[in-house]
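Okay, so subunit A shows up in both of these, paired with subunit B first and subunit C after.
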Partner chain A sequence: MTSPSLKALVIGLVIRTPLIPLLVLASFVPGFWSVGNLRTLAESVSIDGIVVIGMTIVMIAGGFDLAVGSVLAMGGVAAIVLLPYGLLASIVGSAVFGGLAGLLSGGFVTRLRINPFIATLAVMVIVRGATLAYTDTRPVVGLDDTFLALGGGYPLPYAFIAMIIIALLGHVLLSWRAWGRHVYAVGADERAAAMSGLAVSPIKLQCYGLSGLLAGLAGFLLAARLGTGSPIVGDATPLTAAAAALIGGASLRGGQGSIPGAMAGLLFVGSLVNLMNLLGMPSYYQRMVIGTMLIALVVIDGVLLRLRQR
Partner chain B sequence: MSTSVKRRRLLGRFISPIWMVLIAVVIIAAFISDRFLSPYNMVTVLQQGVVTGIVALGMTVVLIGGQFDLSTGAIVMMAAVMALVIGPSDPASIALAIILPLMSGAFIGAVNGLVVYKARANSIVATIGMQFFLFGAVLAGVSGQHVRTDNMAAGFSGLANAKLFGIPLPVYLFVVLVVVLSVVMDRTVFGRHVYGIGGDEEASRRAGIRVVWTGTLTFVLSGMLAALSGIFIASLVGNVDPSAIGGYAFPALTAVVLGGTSLSGGMGRPSDTAAAILVIAVINNVMTILNYQYPIQLLVQGVVLAGAVAFYSLRRVELAP
Partner chain C sequence: MADVPFIQLTGITKHFGGVHALKGVDLSVAAGEVVALVGHNGAGKSVLVQILSGVFPPTAGEIRVNGQMTTFGSPVDARHHGIETIYQTLALADNLDAPANFFLGRELKTTLGFLDKKRMAREAAKALIELNPNLVDVERPVRQMSGGQRQAVAIARAIHFDVRLLIMDEPTAALGPHETAQVAELIKRLRAQGIGILLISHDVRDVMQLADRIVVLKGGQIVGSVVPSESSEDEVVDMIIRGRRLPAGRAE
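Presenting the complex of A and B:
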């Protein structure tokens, strides 16, 4: 799993994550391969992409994080609010706030043994409520040249570069370090992992904390791009992130998935949305497509489980 | 079984902790604001509670079966929009504005049920996907615009607004639904099977229970109840902003969990969900009176959900052998 052969990679990109067929189809849409559109694509996937990395790690550990969307919004607001104290405070602050929210989720899951979906649903609502209350439901505006410059970048957006770097770090962490193997072990069979002497709770806690931290950081980058921290962004983020991770080979039952896979899944979802935009489909239809895709993915997830049990 | 244990269980059948919480919350609310106990305000509390409550009843049955239905918020919205688009102006269109949303709710419930029980998909993600799909579909259908009907017949607006002895009709219907569902869950084969599936799906399957059929029915029930709630909203306000009324699934889920329905299924009672709905409605009402707006209410609900889940899960750990 750590080093997929070329054959596996091709099969993965054609069948499991049908990215190559989609890109071939995309060639028939005028304007898809233009530099401008590719930059738009890179920009649009980069924020979700950073979230996807955290989500994938949590899913490999057998969890789920519905809170990433509201943590993203909180990170953006924190970034703007902390901007007067310097750029560093802004970056670190949004990441720390995000990380704390993630640790809260992790605490619910590990200490109180709450179902991860419900635990993170509660945290999602708590964080959303707190962010809306703090901002009085209005976006906060930040005006700082360096800050706004971080939201741009040409030809490659800085957010995209950040996503690539974080993805590489995450991949190294998961595939080449002991910690990563432990995460896979915990997700595949928690009981067996505990019996082999792994500290299951701390590992899961770290995964949730990491997911929150990355979501907060993504919020910083989004705020830098928009120049505002909106308390209402990110309601579709957990779904998009989950869809990308699932397409990329992660399972809702844990122990599976990889960051390169999730990145391919992210590109698939991102290209699909981009194509729909190019074809002029209203955003409502995009919601329908993402919803349908998610249902199809969990159905496939269920079917695969049954096949494996045979 | 000794008589004292039997008596305790009998008592426990009717008075579970959540009813005590309800009484406590009402007493506290009465102390906080003297406006709380005014008849007008009580009717408001009931009216708000019932709309979410009907949704929560359906979700309770689904969760007793061990699954989640988070598509209910979108079904409420869909049903309200459908009823208003049909425009109930004469008896025939009134009937249509009631039957069509209910049937659509049932259909979506059936799809949810088959996806979850037949295809074995994770119910939380699948029903969130369904919620997304429905939101997109309805918003696309009405191009994101407000929907309203100008000549709503009195018969339709009366559904939610008419009062008997000063109490709105939906409140009576809610009470009837709670009683009927309690009997169905407690005394019928269907209800027993739902508890069985929630307790242990594989064992139920081996015992010959038609798991897919029974489980799908719970989703159908949930879809229809959510649609009913949407019809009441349409009747109540006659003017709906589709992108603003989707938030019913979360408070309903909070109530279901607060009422003691186990997250892993097999335990829970519709009557306890009803009590929990009233607890949440009272808390929200007091916060509104004290001028704490939506964000704080959302925050409090999240804390209530987390607290309730933590309370029940810790209690279960203590009770476990």
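Presenting the complex of A and C:
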């Protein structure tokens, strides 16, 4: 029975996001539908896309993860630094470092009962600081052929394929495993979940750990693409990830959202950014557009809730 | 073993920081017995319920199940002993449908560990319709259901899994007269099946008709316990208010 996820995808594509009008509009922009540009689009959404999957899971559990951007940068640096010990060490290392940062966020949220925004803001700054200190603010460079090849892939970038696989796994985890169902329950009503015998804190901790792990892995793929691990990348990542998750049906109140929906949201944000690039809009202005959109989304989310409660 | 109650609490005490919510409470419920726990808000009823259902442990005191000393580390432990609780808040996840709530925390799985959604939907629908024939379309978020329907989900979930003691926290507080009568019928039916019931209520009139025994709680202590057939509503109300029993023969 795939209908709920299919529904989420369709709703995400057609109703919640003006993706189709956007793509129609895009047809008037020369070069949007070219193979080269579509590959660029796939490449540009895939790194953020892996982060979005983790962010969505955390948001379904009623949390938020502001640290994903700096964890991404740390993952990239870890990937390069561990490269001399082999590709496997590089991949596993970036994921493990990311996962540990996520567990730190989760620990603050569950053990110390700190608001997720504050807890992950703190982890964001701690991780960014540690990465900058370790690299002395300079990018680290990796020159391993296999590693660099992983940053490519034609016609589909490997990162994009990785994103699709992780999205499918994430969707199965959320929709077809008891764990996923518990995440939804925890996000909707922690007290009810606890009274129903769910281990609320471990579930939330696992969500943050997963989000960090995926951000670290995304960092590995970004470093493979760039050939460098930069300590300063990813400052807009939380913004993009949150926008995609919210467009895809997630809510700041938790208990809502899905991976297919978030992927539709990601495609929308990615296409919008791609269009703005094609139109030659400077990236700083693009951020202003995405930021404004984020506010609009949260407002719409609130209006929808009030309509539903009538 | 016939005279060993299913559950027996001895000297249950609970402190929250400096607040003494329960002070040495003794309480027992036998199989097939309906015990009502009454008292004002803040008397400690909810705290006692949460200790019995494993939400948190008592500061001091003993819990015996079938005469065996035990501790409940979590709601799962209490469930393993056949203790199920229907909370006043119902403890449902509003975003999930009835089958998902029904099996929350004890999902049915296929051999590969995936959710067996079809079997859960079938079993939940069967249990729900048995309980409340007016329930149609159980596969929608419980948020969209009426108060009575939501309660049916909570009740069906509690009695489905080999329950031995059912704790009902204000089961009729949010219901109309018709649904209240249904709950009363259900309590009688479960009692006949040998299930112990602890009924938490502030409505003395209600429990006078249903309970085998009424226990009055005030200020975290048991004031006393009465058998409805040998007592009156006034006496119970008086105990709730004064926190003590009237001397015999001086009913006002």
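The rule is simple: the second predicted complex is superposed on the first by the 297 of 310 C-alpha atoms of A that agree within 3 Å, B and C clash if a C-alpha of one lies under 4 Å from a C-alpha of the other, contacts with A are read in each partner's own complex, and residues count from 1 in each chain.
Definition applied: a residue touches a chain if its C-beta (ideal position, glycine included) is under 8 Å from a C-beta of that chain, and two chains touch if they have at least 3 such contacts.
Quick caveat: nothing in here was measured; it's all calculated off a predicted structure.
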Quick check on the superposed pair: does A:R177 touch subunit B, subunit C, both, or neither? Answer first, second, both or neither. second
Let me test your reading of the model: by the given contact rule, A:D189 touches which partner, first (subunit B), second (subunit C), both or neither? second
Looking at A:A242, would you say it contacts subunit B, subunit C, both, or neither? Reply first, second, both or neither. first
Just subunit B (first), just subunit C (second), both, or neither: which does A:Y285 touch? first
Tell me which of subunit B and subunit C touches more residues of subunit A. B
Using the superposition on chain A described above, determine whether A:V96 touches subunit B (first), subunit C (second), both, or neither. neither
Between subunit B and subunit C, whom does A:L121 touch in the aligned arrangement: first, second, both, or neither? first
With touch defined as at the start, can you tell me which subunit C residues reach subunit A in the complex? 53, 55, 74-76, 79, 85, 87, 89-96, 100-101, 104-107, 109, 113-115, 117-118
Subunit A contact footprint on subunit B (complex, rising order): 68, 115, 119-122, 124-126, 128-137, 139-140, 143-144, 250, 253, 257, 263-264, 293-303, 305-306, 309-310, 313-314, 317
Which of the residues in subunit A come into contact with subunit C in the complex? 1, 172, 175-178, 181-182, 184-185, 187-189, 191-199, 255-256
Enumerate the contact residues on subunit A facing subunit B in the complex. 64, 108, 112-115, 117-119, 121-133, 136-137, 236, 239, 242, 252, 282, 284-295, 297-299, 301-303, 305-306
